[in-house]
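Take this structure first; my questions come after.
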């Protein structure tokens, strides 16, 4: 259960801002499917609009390839313990071509980072001057 | 200051396990420089050996390119708030070819993930059945 | 499922310390309802007593208004990924008058903080001397 | 030290996008002071512009009072362990009228949330149906 | 639902590396039961092997007693909000002799650490020179 | 720098509540040294009193030995990225007899937990019914 109602299509039609975002999600992704995240955010139309607009720009074409962006997203979502986000962005990574070998290697890097993060913090290692920008 | 002493080269020479790892770090990276993380870990030689051996394997050639692995590493390190790790792996990403444009785009994806993670968690959005593996 | 049994009213009656806390929760909140958090904590009566006593004092009348306190609580709970706490304190915020507009604005501030937190950490921005107390 | 250079005013003048944001920060806040966060973000002008524009909107007048927004910000920043953010937003809270009594009470709520978050998670307390939206 | 399939025994038999790990888990623990974590990791046999081999060594006999190791594990898992890990390692702690009194005291220490962590961070307390190693 | 002033002994004498806590810290620990955490908390005497009183009780004699409690404390502090807390409780663990071997083994368990936490979360492993309390 969510802490807000999930807006169904019928209610989206009643709010121009929500309808505009739902239409753009469908057009951008080439599917009629709107996942629950956007239906929950639609409880607050200005937040829905701001979040979708920014996401569309950030995850669109740029200097990093689309799969790399999804892997960064899954990494952050895992560290933050966001179950929904792990599910949705792992599915997105697969849709963007992630192979089982790449998934396994991603998990290995993730687990490696988690453990050396904890060691560097527990040991309070001072930053080497060589790393200065 | 660290919570353990940072082992200088002179002390490393006195412990065969530490010396072996330090030699391998130098050979693998093609530099004489040993950063503080390994000098701190050297306070416990078995942990040093296990961590370096695993890291060398995980971050070596594989199904993901080296820069992607470093970006995943920086993403996790940021979410965990590990200052040392952010510095060392941002430097590593630059050494592996990260351009300022890629850095900026990485930061945008990272910040996007952080905000949608918090929204999905605050809204307690239920996972869509469509995301099931 | 919880990692400890949830203590039902019948068992609470058998332990004076638990019964005292359950009675006080009911009287303080003006309802017969005891939520699962307290029924789980009742597995350890001293911890139940210490936690309830402190919570009652901290969340009672003071220098901050009750809704502000609940919003701080939901913010921390979200950052920590505590599903139970997000649910219970979002419900509490509504009970204390949170409007949908305030909820939406709260979510926007939360998401904003998450993203600038990650940017400040990834950029390792040095603290400005002007912020010193 | 930051992982990117902090852009001084002289360099900001050379980039129209950066100069526009710096000018707007100064005008909005009524001070000539630009804190380091923005000077670091200026390494990537599009990210600087997007972040400032959104922050200005989110933290501006709305359904929640300015001090409440800053307290939510400090709460999230503390849970995320962002030292820079804790400093800058504690200073902002003071500038918006936070009294020592309010600061002490904020800290008490924050610490309370942290402890009950951990207890609910360690006990894996199931969400009460009564909390459903 | 997991983001990868959980490998049943029939499929494990078809992969020598997975079968070897599953056999070793059964022999080491003296039970036929293989919990879901290993069945999920089996989707990537090299990661399964590396993780099990390291876990077996780290959690085996050493300078800390087995129960202490499990309590450290539950503490980290709680702070990271890992529901699966809290369940599995709380069960393991009980199997290794944790009494209800010890569980209650563990929870009290955990909650205490969470609250003073947040206070030290929110107050940005400078490290005392006396704590230097 | 802290976000509040650190209260020196001269100012503590002027506030009966602060003086009482400082006296009790000195008597309980058998040393004249008051570390910065308490001098920062003294900015809010009621919070200082509540925190010290609870800490003294929780960390005192009980069902878990003193060193185990400190290790749990360092584990949580590391996961939360609290630099001050890692320093102060690693020092406390040493004062309570932690050997270098125990420290190394603690770090290995900590790093192990961090990595399996991330794997269980990234894989979204369902909890085995066998773990139900």
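First chain written, first letter: the chains are A, B, C, D, E and F, and each begins at residue 1.
As a working rule, a contact is a pair of C-beta atoms (placed from the backbone, for glycine too) under 8 Å apart; a residue touches a chain by one contact, two chains touch by 3 or more.
Bear in mind that the values here come from a model prediction, so they are computed numbers and not experimental data.
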item	value
Where subunit C and subunit D overlap in contact partners, by chain label	A, B, E, F
Fraction-based call for subunit D against subunit B, same above half, different below	different
Maximum centroid distance from subunit A, chain identifier (CA atoms)	F
Centroid-based (C-alpha) most distant chain relative to subunit E	D
Comparison of C-F and B-F by number of C-beta pairs in contact, larger one	B-F
Rounded Å distance between subunit C and subunit E, as computed from the means of their C-alpha atoms	27
Rounded Å distance between subunit A and subunit B, as computed from the means of their C-alpha atoms	21
Residue list for subunit B, restricted to those that touch at least two other chains	1-4, 43, 47, 50-51, 54, 76, 78-83, 86-87, 90-91, 104, 107-108, 110-112, 114-119, 121-124, 127
Category of the chain touch graph - line, ring, star, complete, other	complete
Interfacial residue positions of subunit F with respect to subunit C in the complex	1-5, 50, 54, 57, 127, 132-133
Residue numbers on subunit C that touch subunit A, as the complex places them	81, 86-87, 90, 100, 103-104, 107-108, 111, 118
Footprint of subunit B on subunit C - complex, ascending	74, 78-79, 81, 83, 86-87, 90, 107, 110-112, 114-119, 121-124
In the complex, subunit A residues that touch subunit B	1-4, 6, 33, 35-37, 40-41, 43, 47, 51, 54-55, 58-59, 62-64, 68-69, 71-73, 75-85, 87-91, 99, 101-102, 104-106, 108-110, 112-128, 130-131
Residue ranges of subunit D in contact with subunit B within the complex	1, 3-4, 43-44, 46-47, 50-51, 76, 80-82
